[in-house]
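Some structures to go through are shown next.
In the two complexes that follow, subunit A is the common piece, with subunit B as its partner first and subunit C second.
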Partner chain A sequence: MTNTTAVSIRRSVAATINGKEAIVPEGSTILEACRNIGTEIPTLCYLENLTPVNTCRVCMVELEGSRTLVPACSRKVEQGMVIETESDRVHKSRKMILELLASSVDLSIVSTELNRYMEKYQVDRERFGPLAPPSEQGQRENTKAGHHHTSNGAFASTVAVPTKIDNEQYIRDYSRCVLCYKCVEACGTDAQNTFAIAVAGRGFEAHISTEFDVALPESACVYCGNCVAVCPTGALMPKTEYELRQSNQWDESRQSVTRTICPYCGVGCNLEIHVQDNKIVKVTSPIDHDVTSGMLCVKGRFGFEFING
Partner chain B sequence: MLKGIHNGAKLLVVDPRKTTSAQWADTWIGLDVGTDIALANTVAREIIHAGLINTEFVNRSTSGFKEYAASVEPFTLEEGERLTGVDANLIRQLAHSYALADRAQLCWTLGITEHHNGTDNVFALINLALLTGHVGRYGSGIVPLRGQNNVQGGGDMGALPNKLPGFQDIENDEVARVRFETKWGTSIPAKRGWHLSQMFDAMERGELRTLYVIGENPAQSEADSGHAVKLLQELEHLVVQDIFLTKTAELATVVLPASANWVEADGTVTSSERRVQRVRRALDPPGNARNDLEIICDLAIRMGHDWGHPSAEEVWDELRSLSPMHAGMSYKRLEELGGIQWPCIDENDPGSQFLHGRLWKDPVEGPLAPFTPVEFVPPLDELSDEFPIRLTTGRRLDSFNTGVQSGGYTSPLRKPETLNLSPTDIAKYGLSEGEVVTITSRRASIQAPVVADTTLRPGLAFMTFHFPDQVDTNLLTIDAWDPKSGTAEFKATAIRIDKLAEQSTFPINQTKVEALT
Partner chain C sequence: MDLKTSGKPASIAEIEAIDAVIGNLSHRDDGALNGKPHLNGIGYISPSNSGGHRELLLPALHSIQQKIGWISHGALDYLSSQLGVPPAEAYGVASFYALFSLEEASQTIIHVCDDIGCRAAQGDDPADQISKRYGESGVIKDGWSWSRSPCLGRCEEGSAALIQHSGENHRTVLISPFNSGMLDSISEQSSDIWVSSESAKVPQIDNARSELKLLRRIGSVDPLSLDSYRSHGGYSALRRALELGPEGTLAEIKDSKLMGRGGAAFPTATKWEAVAKNPVRPHYFVCNADESEPGTFKDRIVMEQDPYSVIEGLTIAGLTTGCAKGYIYIRGEYPLAEERLQNAIANATRKGFLGSNILEKGFNFEIEIRRGAGAYIAGEETALFNSIEGKRAEPRNKPPFPAQAGLFRKPTGVNNVETLLNVLEILTVGGLEFAKTGTESSTGTRLFCLSGAVTKPGLYEAPFGIKLGDIISLAGGIKKGKSIKAILLGGAAGSFVGKDQLDIPLSFEGVRSAGATLGSGVVMVFDQDTDFEQVLLRIAKFFREESCGQCVPCRVGTARQEELLARLANKSVYKSKQQELELLSEVGMVMRESSICGLGQTASNAIESAFKLGLV
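Let's look at the complex of A and B:
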């Protein structure tokens, strides 16, 4: 939404997507090209204000001449590409990925969009058997590389772990984590440059961790909550929202969302104030606003209690 | 800035403390507190002597270069090193990096302005921008970073003693003044008022007997706050309009509970980059708290002027009709464009990303930009054998000013107030971490625990003023103020540290500061 910016002129490239011609500026991704012509591509780890990391593989599409499917979120369009986004192979791949996630991760708080994809691709959550009981606190984090015990097939292994509540601002429920890396990116060079979290462990034991898995107050975390803002599954959640959900009082149908400006410093960050019963229950920031592209600091995101009294 | 660094920009940080920004910098230049002019003048002399000035820009767009060049001539690199404590090679590096850069910005905050000569500090930086032509072009410029969401907007709206809204001069711009008089149906005295520091002086002289304070907490935010409180107490009538019962409100004759403008009322604020943006009402204010606009209009009625009860948009539209630089900013356009940067003179104007582009026009539009030679005068609160340590004050990430707003939430980062010292000084004075000491300036004594801080150089101490109810740092600071801006010298206090006879049970483990409400 910048009102005056220097515009660089780029060459156009043309590709064929599902038989339709798409002409986009050079450097555009397949995802951008698809969105331009109204072709829907499901995404999970992609966000406009982060660098694509290609971890979730939900956006894979078929590219003529390519041995494997390619990630639409990061693969750049080249002149003459022929792309299929809804082929049997693509459908099968998306169904499998969503089933692997749904069988191991708690996906009960996800966007209506993701729920729609699960229906569209006929995801069977129990395809790999009934879900295993949650592991003990610390068990997953402490499993050494190569020490993973495969399930005996009677149940499907899950990433379920107890919720981490170690500060007053946000909780971490890694039972809901799909390892999309968005939080790691927001904490790193894409936004906050704090580097408090990273992916630790390997294979099924891979998980998001602070340095040496210390509690957040002992970590480098500065509580900007930008990780919370980008989390697509509710694994990271403001404590205000978590507590209301725990007591069954969280009700988005009774909430209003109003855009305003942060009351603290002079940067002019845009805030979206989520209000329920005349109380602020959550603060977010619109990613399409160019002052901070959805990112905030601790004061803007969590410093509203003086209004609630 | 970090985005810029990732894109390959070079960052040089000039700060007495090795702040987080300094830790990201290519070079940290740790100067002595209050020696900014000496540094800037040394940089200027080096740029001139190395032949790095932007001759074309200086010749066609500026005036007074000769006098300026003469004024910086005594500031050799060696003299600069002696005055600022910065290695001459570093000063040279700073001068060359800045002058040779394709585009460069000078960004600053209160470390430049909260001095007895804050305005001269700013002039010293403007001179550097003029010398190198780093002004008036995309990506170059001089950038004061604002510390509050509407400190820019307050000035823009005429909350300055000598300006009408839109920076129209109340004494010299008769055309503008008459425009306001016609619109408002009243006469406006063509005489500037008092700024904050002058108001306190006028209270001291007994000339100012009634004060109406809106949304400020001078009882805790003023330098030498003990003195400020005494003057507030001696007023005949003190009205405080605020969203909190602040320490200032506790002294008031009348308290008018207000709504929080950013979330309980409609309106606009203006950010550091001159971007006017909409604030919107998201919830109802508590109890009897009311919108500032309603309160002021009701006061006007009591004083015999019925302005009705206009909406925020109606007030804004009146402002647009009187302030040319806001004329093109309708609420509709502010909404559509996500804010607009002034000046925006009509509804086809996209706003202005940067100012002073006129200096690059051929021929130059308007007056030439003058160099303003400034004299280096060190901080007024001099270091001496009795007060050998330089205390500077500042802010922490998760807190805000006197803590009235930010005290309301529990921040996992928040630590109680401390006296931060370099590890060298802690050893030198025989102190241990956590030990409570007495900190004495020429005005007052307070107590706080000591903590080691590796961002500080020996001889430099640091405190915030976020927790005045626990440790009232501003009792120590000097209320000497800059005669040009009225800003007090919060950044440079001379102190000494004394060990206590007995360790008291100071509440240093207190991690949560209670909200004042």
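Let's look at the complex of A and C:
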């Protein structure tokens, strides 16, 4: 057998986006191509360090020759594609997707980018009627697949449920859950490999759950908080942040962020220490840090109480 | 992977129910199980992409449900640890399917069809009688409870119920016709309710059998007997395919211009060729028998009455596309069809028509049956793969297409039962001859499921291009004393057409130019007394309940659509009717444009078409 050295060279592919040519390495997504040429596409379930699941459908764009719109976050660029990101079809879809989301989920803590889009499209939360009151504990979770109670249409159904507070590290407020699957991915093979949570149930009643909805201390959860780090809507939140928000004291304008290295072990994870009123209120890791890609363990993320105390 | 389980113990009965399916997996990652028989001795454990045996999850959940009656935390934990599947994920899978209970349930559950086919036939809500007589659904008394069910595929009978009975003498029984009075004798194990009824209404076999091609054996062949099948010409197509070889067979399919009958009308030869030519191995072939489109019962009748034809068709598909393994994914509500397919596989294997060295021509092929558990979405091909793999039946994003990365991420061919049945006909008469029937671009014959307010509901076969009015006439026309108000073509995912459209030619192109679809061959006739608001509400409820919940437009859109139709039916519109209709069309648009799969993309079709026709 002869020894050969394989040299991998990524070919380039060219597409036309809003009339402009975009040349990207083969395998790039439409979203990456758009960002390369400075074209903005709103996203919600997308995150650079996770496998795209394209469930939110906020990033849909028009692809010439395709019957439906296509998700920019996961569709790979092919040579000669002609893409429109600001057509009437795209705008109508975006607006309605945001309205479907806003009418069913509490979006009060989302990115400024998404808020800007909701303003731009004049998203009306109550377009489908007054919002239904929160369901009781366990009601949504225990709805059997294919057996929901038929609505009389007087209220727009929402995913609102009581907040789950069952441990000292973080809370789960599934009223804010858009079912982006990011937490499941972070808990699973994309980062932590703990598999404490999964999507359960079906349809509008689909929700993130441990097995049989057991409390986190009874589950496989190791409190790394990587699910919290990737949550785009505040459905998962450090308990420190939650408590400050509940008492109206959470104020990002009064916070400073200091970058440092985790003191616990020798891996060298970078930390961002969020401090408000001289107290640590949250710890995160930069998503572009090559050691962590934004992920941490329980000590790095939650082991700061001794400093505050 | 170290799994954390709750430590809740499984009972001995639960352990036995699980072990009966997964056997003794002493080390789950050793791969040594490949080739060992399981599941009634038919089929073999296949390597999953994960290295574990996650693909046994669904069969094992079925076993617990059947023998215990519900899936407890202890049982789920034991199963998870045996298969190396995290309990949270196993729970996610179990809670996805309507036929599994995750809390203690009654030993007997009666699922009563209240879907549009039975409504159109009875002119009323079929479940009304039951609730009047026996009280609310879900309430357990005397060991049984009842619940509403989506279409059970017995639309030609106009009423149906699925009986799910757990315990030592567990059984799943599909009965039709069904009336609420039958529940009076439910405690008597000898009563009619405990045996699946035969339902094979194919009226043409009485007066026009010679014109039938796909259905020609039905009612004449003994569905249990391989000899009977062979004496009716069975397995001559496989012999022909073995003579021609894969390339020759593919050439015949190409000549025939066969298009898939599952709903998407994709050219079969193109699909087969893409699988055959893919250098990645192994290849798989899947027969999609998850027939769940409301109003559809054609595949069930074929599987129940002529099961060997499905096995033969799938064997030819496997031969042509280079597969050694095939799957039939059958919906969980079709117990009789499943039983007959199992019997056919066992007999065909015994006689050398399946297994290794088929007909001594050096070709190996085996077939495993997988049973769904109550999820319409599992009929979407990529959701079906996920279901077989032991995952939630959520559709995947395409591309990649199944021929590139399908079941277990390997090149996979997938066809509906009726499509495979056509393959037999093509090999029998030749591709060019086959293409002479039908129209230029819709070749061959088509199976039509006639139901609702017609005189002779049942399964009909006719060449493509037959006029809508003529197929309704074949079924004896509208019931006496009634007049046609509208016809639903293609099922809940199809669309309504009016009585002034009876001259639509039923071909792919003919219905398309009328803005409709043939879908799964549903022709459901509604009379002038129909309460369309209730029919549309039932369709909206169906899509909301069957949406997998993965993408926003479908998950929330189907809920909003149902709410909106409920308001219209209750005469309590929000703002104004005009605004409601605009909203309905905008919701429909976003579901069609931006949903991941065909369920969301078609969830508003029938409803919007009804408004356009002025039915409501």
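Throughout what follows, the second predicted complex is superposed on the first by the 300 of 309 C-alpha atoms of A that agree within 3 Å, B and C clash if a C-alpha of one lies under 4 Å from a C-alpha of the other, contacts with A are read in each partner's own complex, and residues count from 1 in each chain.
In this text, a contact is a pair of C-beta atoms (placed from the backbone, for glycine too) under 8 Å apart; a residue touches a chain by one contact, two chains touch by 3 or more.
Owing to the predicted nature of the structure, the values given are computational and were not obtained by experimental measurement.
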Could you figure out whether subunit B or subunit C reaches more residues of subunit A?
-> C
Classify the contacts of A:R259 with the two partner chains as first (subunit B alone), second (subunit C alone), both, or neither.
-> first
Kindly classify A:S157 by the partners it touches after superposition: subunit B alone (first), subunit C alone (second), both, or neither?
-> second
In the superposed arrangement, does A:N193 touch subunit B (first), subunit C (second), both or neither?
-> both
Which superposed partner A:G268 touches (first subunit B, second subunit C, both, neither) = first
Who does A:S209 touch here: subunit B (first), subunit C (second), both, or neither?
-> second
After superposition on the shared chain, which partner residues are touched by A:I307: those of subunit B (first), subunit C (second), both, or neither?
-> first
Touching partner for A:P71 - first (subunit B), second (subunit C), both, neither | second
Indicate the residue numbers of subunit A shared between its subunit B interface and its subunit C interface, in ascending order.
-> 193
Parts of subunit A lying in touch with subunit B, wherever the complex brings them together = 1, 3-6, 167-169, 189, 193, 216-217, 221-223, 256, 258-268, 270, 273, 275, 278-280, 289-291, 297-299, 302-307, 309
Subunit A residues within the subunit C interface of the complex = 54-58, 60, 68-69, 71, 74, 76, 89, 92-93, 96-97, 100-101, 103-104, 127-129, 142, 144-148, 150-157, 178-179, 193, 195-206, 209-212, 214, 218-220
Complex interface listing, subunit C residues touching subunit A = 1, 3-4, 6, 73, 76-77, 80, 86-92, 95-98, 100-103, 138, 147-148, 150, 374-375, 392, 397, 399, 537, 541, 544-553, 555-560, 562-567, 570, 572, 574, 583, 586-587, 589-590, 592-596, 601
Subunit B residues within the subunit A interface of the complex | 2, 6, 24, 138, 145-149, 151-152, 243-244, 260, 262-264, 269-273, 275, 277-284, 286, 337-341, 350-353, 397-398, 400, 404-413, 515, 517
